[in-house]
Each structure stands twice: as C-alpha cells, then as structure tokens.
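By written order: A, B, C, D and E. Residues from 1 in each chain.
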Amino acid sequence: MSSALAVEGIDVFYDASQILFGVDLAMRAGEIVALLGRNGAGKSTTFKAIAGIAPPRRGRVRFGERDLAGLPPHRIARAGIGYVPEDRQVFPEHSVEDNLAIGAKPGPAGQRFWTISTVYEVLPELHRLRARAAGRLSGGEQQMLTIARALMGNPDLLLLDEPTEGLAPVVVERIMALLHRLRTMGMTVLLAEQNMFFCVDVADEIVIIDKGQIVHRDTAERLSQDEEIKRRYLAV
Amino acid sequence: MNLDAFAGCLSSASCLITQTSAGLIIGMLLFLVACGVTLIFGVLGVINFAHGAFYMLGAYLALTAYQLTDSYLAAVLCAAAGVGLFGVAFDRLFMSRVYNSNVLMQLLVCYAFVLILDDAVKMIWGAEFQSMGMPAVFALRPLHVFGGLVPPFYVFLVAVTVAIAIALGGLIERTLFGKIVRAAAVNRQMVSALGINTSLLYASVFGLGALLAGAAGALAAPVRSATPGMGVSILIESFIVTVIGGMGSIAGAFTAAVLLGLVRSFGSIGFPLFTDGLMFGLMVIVLLIRPQGLFARGSA
Amino acid sequence: MTAHLAIADLVKHFGGVVATDHVTLDFPPGSLTAVIGPNGAGKSTLFNLITGRIRPDGGQVLLDGADIAGLAETAIVARGIGRAFQIASLFPSFTVAESLAAAILAHRRQTHRMLTRFPLAAARGRADEVMHLVGLDAHADRLAQHLSHGDQKLLDIALALALDPGVLLLDEPTAGMGRDERWQIIETVHRLWSARRMTMIFIEHDMDIVFKIAQSVRVLKYGRVLAEGTPAEIRDNDEVIAAYLGARYAKAAP
Amino acid sequence: MLALLACVLTLLIASALGSKPLIDTLMRLAIFGLYAVSLNILVGYTGLVSFGHAMFFGFGAYAFGLLMQTGVTSLPAAALASLALSAALALIVGALCIRLADIYFSFLTLAFQMLLHAVILSWVSLTGGDQGLQGGIPRPRFLGINLADPWQVFVVTTVVFFASLLAIRTILQSPFGYALRMVRDNAPRAAALGLPVQRYKLAAFVIAGLFGALAGILMALYVSGAYPNFAFWTLSGEGMFMIMLGGIGVFLGPVLGAAIFLLLNDTVTRFTEYNGMVMGVVLLVVVLGLRQGLLDVVMARLRPR
Amino acid sequence: MVDSGFGRPVFGSPGRRSVLKAGLVAGATLSMPFVARGASKQPIRIGQPSILSGRLAQLGISSRNAAQMVVDAFNAAGGLDGRTIELISRDSKGKPDEAARVVRELINNDGCQIILDSEASSGAFAVQEVVRETGTLCIHADSETTSLTADPKIRAPNAFRCARQVLHDSIVGGSYAAGIAKAQGLKRWMTCSPDYVYGRDSSSEFLDYLKMFEPSVEAVGATWPKLFAPDYTENVTRILETKPQALYSALYSGDLVSFIDQGNLYGLFDQVKFFAINMADYTTLHAVKKLPAGIYSCNRYLSTFPATKSNAEWSAAYDKRYNVLPLNWAWQNALAMQFLVEAIKKTGSDDGKVLAGALRGMTVESPFGAKGTVTMRAEDQTIVDYAIGWGVTIPQAPFVEGMQAADWTVIAARETEWKKQKGWA
C-alpha cells in the first residue's frame, strides 16, 4: 500500500473570507484518520479542498506521487479519491441503483473490485431499496447510499464528511460496522466528525481542527483520555 | 374573428381530422427544434438563442448534401452531424466562457452568433431562397383517413419525430448517459466529484441539442424554402413551446408543441388574422399562472 | 421582568421536515444571549421566522407583547428588529457611507424621494455616527465589495444598527475569520451592546466567545430547545455535552 | 447645470458646422441614447433584465403618431397623452411581470412585447399594419416652434434629450435611485432593511417605460411615422447591445454604447452588406474579451481601491 | 462637476466627458467625407436605399444589379458631357427607420442629388417622408402599394414610382380570372395571401374586380399565413376544408415556394385552380422543384413576355453579367434608371426640379412596355403601359405559356373609376 495523502499548508478562501489557515494533514495507506472539530471549524472545507471543489489558494495536496491541488474534481476523483459530502447529496430523482451506476468507474489502477453486486453484498439494504427514488430514502439510508456510491468509483482513499450527522444511534452503529469492515478490506479513510465517541471507536488517529487550523493530533485511545483537550476543543 | 367557421369545423369530422392532423404536424416540427432548446436549458441552464440559427444551418447543409448525393437520408445525417459538431465547437469555444456569467452575457453571445451565422449563410449559399424539393420516395398522393387528408411525407415526419422523442426520452431516462445528464442538471459539482468530466458532458449535451436543431432543419427542408434569417420565426415559436411546456422538460415540450400546433390549426379557422397573437397570449397566460411551465422538470 | 422579545410555541415545517419544533424562548430587555447548537439545529431558521423572511406554521413571536408572527418582513423591520447575516449581506457597489445612508433612508421611508440628492443631510450625519460606532470611519468611501472580510461583517452589523433597532439579531458574526479578527469583531459587538443596552441575540460556534460575552445561552438541537441558562450552567449540562459529543456514546465514555 | 451647458454646446457646435449629416447623427444618437439609458434604468440600476423594452418605444411612437393623425391639434398635448398612456401600459405590464423572478421576468416581458407587435401587425385599420403609420405626422406649430423645420426638430430633440438625461440622472441620484440600486445589489437585504422591494421594481419599470416611450415619440417625429419593428424584439436586443457596449455601471455608458452602435452600423453599412457579421464579431469581442462595457472598464481602472 | 455626496464623482468626470466628445468628433468626421470633394466634373450621384441583407436580400441585389447595368451603359457612352453617374447602393436591412436614415445619409452625406428607392413598401413610405422634407428627386422602383402615388395625402411632387401596382395587377387579374371562371364554371373562390397590407390589398382588390367582371362568383373564405411563415399546413388544410373551386394567392418568393411544396403534399393543386399572381418570376419558378402544371400566374418578369427581341436580349445580357436570371425588381429598376438617364440627357441637367419636370409625362422605349413604350403618367407620377399578362405554368422552360396581354384602356378606365370612389381623383 503505497498511496498516502499529504495535505501541506493549504489556505482556502470563500471569496474574501479565509476558512483554512495553513492546514497540514498526513496519513498512511490503510489508515482511518478522523478530523474532529466543532461546527464551522473547517472540516468540510478541508474535504472540499482535497476533492477539488474548493481549490486551495496556497499549499499542496499530495496523493501518492502527484500534487492534486488545483485539478478539477473529476481528475481528483479519477486519481482515486472518493468523496462523500456532508449533506449527502444523493441525486434525489434517481433510483438507488441509478445513483450507484452514476458513481461506477474503475479505480486509478484499473481495479473493479466494487461493483453493484459487491456493494449490495456489503450493504444488503440498498439491494432491497434499489428501485426507490433516493430522495425518498431516510437519512441513514441516504448516508449508506452516498458511501456506496463513492465506493463504486473504486477509490484508494475515501473522504467521509460527518457520516453520522443527524442519524439515529442505531444507524450510527451500522455505519460504524461498515467502517470496520472497510478497514479490514484495507481501505484508507479520512473521516470528519463532531462525534468524539464515534471517532474513538473507528479511527486509528484523531486530528483536531479548530478555527481553520490543526491544533492537535494523537491516537484515538490517548485522546479519549485527555479531558483538557476534549473540553477545550470539542465540548462546550 | 370567424366563430361560425370555427363552430362549423368543430362539428365536421373531416375538418376535425384534417385540422387535428395539421396541428400534430405543425407541433412535431416545432417540437424538433424546441426539444434542443429545452434539453440545453434543462441541463446547462443556458437559453440558447442561437438555436434558430442552428436550424437554418441544418437546412442549408441538408440542401447541399442532397444536391451532392441525391440521397435524402445522407442529407439528414449530414446536417445533423454537421450542426452537432458545430454545436460542440460553439459550446467549447464560446458558450462555456459565459456559463458562470449572467443571462445577459449568454444572450449576447448567442445574439452575436445569430448575426454572424445569418451573414455567413448568405456568403456561402447566397441571398436567394432555395428549395430542396420533395425526394422521390415521398412524392406520393395524400392518404385519406376518415375523410381527412394526410400526406405520406408528414406521416414520415411525425413518425420520425415521435421516434426521436421516444429515443430522446429513452436516452435521458434509461441510459447511463441520460442518468448522468439528469444528475448533472441537478448537481453538477457532485457529478464532477464522482469522476465525470462535466465540461465534456456539457459540450456533448450542447452538441446533441444542436444536432436535433440540424436534423429539424434537414427534415423540414423538403417543404420549407431556405433563406438567410429563416431561423428567427422558428426560434420564437420554439421558445413559446419551451416556456409553456416548462423549461427543461422533454415531455412538456412535446405536449406544448402539440398544443401550439392545435392552436395554430384551429386558430386559423376561428381567428385567421391573429394566430400569432393567440400564441403569445397563451405564453403570457401560462407565465402568469404557472411561470415554471406546465411540466416543470418532468422527465428531463 | 417582561420579555422584550418572546417566542411561543413556534413551529415551522419544510416539506416533511420539522425545522422548528414548538420552540418557546424569551429574551429580556437589554439582554445579550447566545444561541448555539449543531448544524441543522434550526438556529438560522429561528432568525428567519423572527424577522418575517419566512412565515411560521404556528405559534407566536411577541415583540413588547404584540404578536408579529406572519407580518411582512418590512413591517417587522419597521418595529425595530435589525439583523446581520452569517455571510455578510451587503450592497457590493455601495461605499460604506452610501450603504449606511441608504439603510437609514429605507428605514425612515424616505427612499421614495426622487428629486432630492442622495443622501439627505440627516441620513448622512446618522451614517457617520454608525460608522464611528463600529469603527469603519476610515473606510467610509470604499466600496463594500472591496472591504476585507472582517470589515464586511462589521458593515453588515452596521447596516442593522443603522435602523436603531431595539432587538439585534447576529447570525455567526465571526464566521470565516481568523483568530485575531474574531476577537476584534466580538469586542465591537460587546461594546455596542454595553453602550446601547439593546436586546442582542447572536448565533455562535466559537465557545470561547460564547462563554466570554454571553449573559445567557440557549441550546437548540433538531429544532427543539435543548437547554437554556447561564454560560456556567450550560457548560456543566450533561445533556448539552452529550449533544455535542454524541448522545449514545456519552454514557459509555470513560 | 452641466446638462444645460452640454445641451447649449451641442446646439452651438451643430449650428456652427451647419452640417445636416451631423444633425441627423446627433438626433439618432439622442433618440437611441435616451432609449438605451431608459433600458439601463432597469438592467443596470434595478437589476431587471427586460427583453421587451422596445414595447414602450413602439407604443410611444404609435400612440403619438396616431393621436397627431387623428386630430389632436396640440403637439405637446399629444406627447403628454402618449406618455400617460405608456405609463399606464407600463404599470399594468410591470405589475404582472415583476411578480416573476429572473429569466421568467425576462420571458414575460418578451411575450408582452411580441403580443403588442402582433396587435400592431393585425390591427391594420388603426396602425397601417406592416407598412406603419403612413402619410407623415402633422406638426402644427406650438409656442412659436415649427417642427416642420428640421433644424427646430433637432433643437427640440436635443433639449428633450438633455432634459431627460438630467431628469433620469436626478432620479438615479436621489434616495429613490439608491433604493433601486439596493434592489439590484441585494434585494433580500434591502427587504431586511425595510424596503418594499416589489413597489420599487414596479416604479422603476414605469419610469423606464416612460422614458422609453419618450424616445419612441422623438423617433416618430424624426422619421415622421411609426413602424412595427419599433416594437419588435430585435430593437430590444439592440438596446441590450448598446448598454453592454458602453457599460451598464456608468450613467452615460448607454449613451456611449448607442453612439458606438450607430457609428459602427452607419460606417459598416457604407462598406459592406455583411453588417451582421461585423456587428456580431464586435459583440463577441466585447462580451468575451472585455466582459463588460467600455466605460465600465474605464471606471474600473480609474477607481482607487 | 457634480458629486454624489461622498466625494465620488459620478456624472461628467473628465474621463467620460472626453470619451463622449471624442465619439462625437469621430462621428462628425466619419460623416463628412464629401467636404473634401472636388468640384469639377463631379459625377451625378444617385443614392439607392435597398434591402441587401436578411430574408429579402435578393430584392435589393437584383435591384442594384439592374440599375448598375444602365448606369454603366450611360457612363460608357460618355455620360453627360463627361460627367458620369455614380450609383451608391446601401443596405437598410428592411427596416423602415433604417431606410429613412440611409436616405438622409445618402442625400446629406454622400451628396446624392437623386434617390432611386429600391425598398419594399414599408421602407418606401419612410423614404417618401424623407424626400418630402428634403425635396430630393426620388423614384420608387419596388413598392407596389397603390396609395404611395395614388393617395393625394401621401404623394409628393418630387417623388415618382416606376413599379407595377397592386391595383393594375388586380384589374388585369380580375378580368383574366373572370374569363376562366366563366369558361370553367368556377364559382367558389378562396384567397390565401400573406397577412400584411400588400397581401390584404391584393386579395380584396382582386376579388372586387373578379366579381365585377364575373358577378356569379362568390368568395367562400380566406386564410392568412403570416409573412415568412415557415409552415403553411394549417392554411392548406383550411383550404381543403372549405373546398373552393379556385384559389387566389399573393404569396411570393420563398413563401410561395414553401406553400406550393406543402400544398403539393396534400394534392391541393389537383383539387383547385390556383391563381398565384407572383408565380412567374424566375427564382420562384426555378426554386419549385416540381412545378405543378396549370398554375395561373401574372408575369413578374419573363424573358418571353413581351415576346420581343429587345426583352430577350436584355434578359440575356443580365444573365451573362450576373450569372442569374433577372427578377421583377430588376426590370423595374432598370426602367427607373432609364427614365432618369433619359431625363438627364434630355435636359442636360442634374437638378431635381428640372428632371422632375422632364419626367412628368415622359415616354421611353422599353422592352418592358406593353407596346414597346412605357409612360410616366403626369397626373400621379406613376408608370403605365408596362407589360402585364397572365398565362399558365408548365414544368419546364419557358415555364409559362399562353400569355394573354392586358388591355391598358380597360385598366385606365377602371383605375379612374376606382380613384373617384376613393375620392382621390
């Protein structure tokens, strides 16, 4: 597993307002890293910068051998980055299966591990719902669908932006299980979360972002013990 | 106004059949042009004011191809392909630069091309009107259907148009390309983030719309003489269709085109001097009551 | 103490989603209140309901005891509720001074005048005052679109202030700013509040700021009021901590 | 003051040169300049992209011509009556159109314009149909002014033009004008400041319609007739062309745009019948190259940040 | 200098003012090239506003071609004591206001002493108003609308018309059609003409004279396609529905071709006798790929009618030079220019008033005359005795046969009567 992500000192602006201030973030292949922070801390913007939707004004996004910063989103996706946005963004009038079909493509090395059938195998509820319009799914089902849609692109790295937001605990558990399964399959995952305990459960390492800057990084176990950090950056 | 004639026609079977079929025929030709407008708007959000000029280009290309090959099929294919390619180039070189600008900019780029293409056609093909003439296969006597008259060429036109409508509907509804196109219409960014080159997608949709306009020009060539500037009236009518049907809806365009065809065919009996006014009046009413059109974002 | 602004049993649906779920809150005169909550908690919707940008499906919005729910936005503004936006909402082609003068004239219903030159002297004097209040004097003749992000946020607040509102709603006044800029703007806000004692309500994600300046805090989650109290009370409220750290896992956590 | 000065100066230069072509050019410039400025009240200052502004140009020209031909003996009375009728039309059409947003607003204005065009073509007994109002427009003397004399028509046109510019400018520089800009820049924000946005849109529509009609009246005087293409969509398109060429962000931009448009048109038609080709290319260069009008570019350069 | 109140100049800043001024100066210089013109042996300038672009471009082009041929011949023969004629054609794009502008420009700017107006009717009325004001000598060569010279309110002493007239055509058409109606028993008539003034006048006057010459006919309906309509289906079916025995149409050019193409699909011309007044013009005859035999048409222009040597030669010369056959507008402009040239030669002058005096009542020899000459009638300054005839189409050259020439004494009598009715005579 050679591919690894290295975000180096990116600044991101929306018009005049600066959202990210020199964000650095590195991860190894096969790792699950959680980007933890409160509302408005810059998690989603970091993801959009990596995915090419909000290109950084400064800094680099190294993925494997290449610098992806400034490439259009589709080139970044083809380089092997699968993006699951925070508000899910399913195609609401399309059926579940059509949503998956739109996401289908071989991976950067031509691999076609994830197909409709392998996805249905891992997420059988999608098979049951395959003909339903995505806009009529529940929040949890939509979340499953967007993850599955990203997997259909056979990515080397999965960007999961707040996959548990607004979901019932039972659904959060399902997603947790899915992530554990993906880990065993060797998938590299970068996760954005507000939910500390979810992160502790699934992530190898946790990176804390606050006010557009990375402020802390540690293993999940150690961080979960650190009351000061928790209170300072995460709790109220 | 001639309400007696209107009532008289409504109570005569042959008149009803003839006028209804006439309305259908008019509607089909309108649909052929309008579906490109609505497709391009539905996906790209761009109002292609140059569409009438594409139609004109199609008619002229068909004329030349027909003269060279003596084959109507070749003429239609050549016109469709030629105008389609032109549309792709037009999108890539010009329109794509103003996708993110306001409507005014897009309008002016198209307007510029209407002016340029009208003159270009005059330079290349001359100012005189030209007529292709009816291909021998269609030079047949009209069919009698329940006392009404229906020309075979129009049967062919209606069949082709319905086939195109079904194919287009199928392409948009059933194929992966169509699914991606519809998804891009809703959320371009997400489609792009899934690894699809949306610039290319946009160009191909624009090309497809242009191809349909070219095909319409070629299909109409046997019965409509070609002159520089012939696109204008067609453009205006196809806008009425698009607006009434709902911008972006293929099914809406189809319905509105037939509706407008019927307004024209029956209007010519009841209100022979004001059919244009009827069409614009209908557009005003629809915009006031249901500005998004009768079939807002139906099938496309 | 009667509330300056009170919300009673307010309800708003968007399609099948309940954005505001029987919310009841009150804000005493001259209070400075922070509204916090996770994304999608209904904070901005609450502001939109108060200012009449969207109409509530049920419930009341009481300003000095009078129900203003369902009135037009312009009518509500006229009663003295000013508002600044999460993303600075400005008139890009206006200078700072022009923006404020225009806001003042709009509020005073003098914009129908066609033959006098803009701005009227009185409006100009008042605009100068407001500019001074928020510290934008130096930028009076710069176009709003050319201001720095922080100054744009200040101008947005100043536009609301120009109406001389009794109630001022600020939606994330520090969004999109660096550390130092945040404190500058928050100091300005606090200074305004303490100088003029208007009823001020602000939405904020930066807890340092919330705990530093707010008199009291309201926590929303999924369109409901989760908690209300002083900063100290909120800080120690288990439910609130759980809401932020994840409900199911709060108890499981060591 | 400045307008007065410019007006006198224009008249002096014109009378000194005594050149008929110059006078013709200036008259057309005044007519189309006023037309473009009136359209820019909507597009540039209120942010309402009307595709149907020629409706008022045509309506004004026809109303005036018809009133004069059917026996109104006083020319100013006919002009005022035409303006009143145009304002009433603008009020009705505007009230319906401003309810719609964006492109639907544009389409509805276009539809109304084409409806008027269809009426003009169909109502032959009144309008003369496609051949326009025939037989010239009578020009009885008033206040010692004899509009049968081209020089006096020129003087009146020039005075009306500068007076209108002054009036429009006064309106745009008034609190009302700034309210329109607020609507253009950020209508929701204007509403949040207490501005009744719809009412201001309607007022802008009526004022623009009024001055558009005034330009139409001047045109009817100039060509001594009225023609259906005054109310055709191409004239609306040319209005857009003019304001985009000159600049929508500067008050005199549309006048400059009209001047360039007319000079370009007149010059190009001298040398080639492929006028459309040249105009199209110029338009493309402006839209894709500059992306804004000439005066907008100049102003952007001049303005300190 | 006026300020906005916050120190930002908005109106009349020096930059913009100078831009505007520069524009005016540029305009003035551009508009006055004639200032530098020399005075000796200057050419006689004739300005020709016409439609050179858009759907009616061929009207302007054939007008220009034909007039230029006459000018070239005049100049080659030495002109007027060495003074040549310069023809300046300019495009009005078919817009009346633009036509008015072009005429003013030609007169004021290019120093044209004479206007050869080659506009369609709406443009011609606009030109009329300009020359009424300037007093410039003008010959309208393309407008067929009768009122242009017949209506005393509209006509002007310095304006002439050298073109066929709707009224003349209608009288001839009515009498010709009456003969056929009587012979074949055609009682039920219908019209299908373009929905604009020419089309309406032509239809109603044709029917009036048809009924006058053959009272047994009745008009059973009318359908009005709009000008430049792409589609005539509803009109064709309307006609089929009404089942007339004969159909009259004033459609022309591309519109007529489309109508015939679309009517053919329904077998329309097998079911009704078709009287298309504007059929017999070469582009139209050529453009119809399958010209139905038996369409009755008036001559627009035919090289075989009048069947004289001079007509055939003129047509051949035109064809040789421009590689296209001449149209109706061509003969009218050729004749108009011939009138001007002869008036210039006769008077030795280029003065409009002098020339106008010579033109009134002038008779010239012409291939287009009914009897070899055409006269510019003095009373209403319009041409008479030009060749009008009706015949029947055949699918191949010469396309029309059985031409019956009109009798100008009948035309003149009916015309006088008509003017009296209108109160114009």
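Going forward, contacts are C-beta pairs under 8 Å (C-beta built on N, C-alpha and C of every residue); 3 or more make two chains touch, one makes a residue touch a chain.
Given the structure is predicted, the values throughout are model-derived calculations rather than measurements.
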Required steps from chain D to chain E (each step between touching chains, minimum): 1
Centroid comparison with chain C (C-alpha atoms), farthest chain: E
Remotest chain, chain A as reference, centres from CA atoms: E
Computed distance of Cα centres, chain C from chain A, in Å: 33
Rounded Å distance between chain A and chain D, as computed from the means of their C-alpha atoms: 56
Whole-Å gap separating chain C and chain E, where each centre is the average of the chain's CA atoms: 72
Centroid spacing, where centroids are CA-atom means, of chain A and chain B in whole angstrom: 44
Residue numbers of chain E (touch at least two other chains): 4, 52-53, 57, 195, 226
Shared interface positions of chain D, touching two or more other chains: 121-122, 173, 274-276
In chain C, residues with contacts to at least two other chains: 98, 117-119
Sites on chain C touched by chain A in the complex: 36, 38-40, 147-149, 152, 172, 175-179, 182, 205-207, 210, 222, 234-235, 240-241, 244-250, 252-254
Contact footprint of chain D on chain B as seen in their complex: 47, 94, 97-98, 101-105, 107-109, 111-116, 118-120, 122-123, 236, 239-240, 243, 247, 273-274, 276-277, 280-281, 283-284, 287-288, 291-292
Of chain D, residues touching chain B in the complex: 43, 49, 51, 96, 99-100, 102-104, 106-108, 110-112, 114-115, 118-119, 121-122, 233, 237, 240-241, 244, 274-277, 279-281, 283-284, 287-288, 291
In the complex with chain C, residue positions of chain A that touch it: 14-19, 21, 38-41, 86, 162, 164-166, 169, 172, 194-198, 200-201, 211-212, 224-225, 230, 234-236
Chain D-facing residues of chain E, complex: 1-2, 4, 10-13, 15-16, 19-20, 23-24, 26-28, 30-32, 52-53, 57, 60, 90-91, 93, 95-97, 100-102, 104-105, 107-109, 121-122, 125-126, 129-130, 132-133, 145, 147, 151, 153-154, 195-197, 200, 226-227
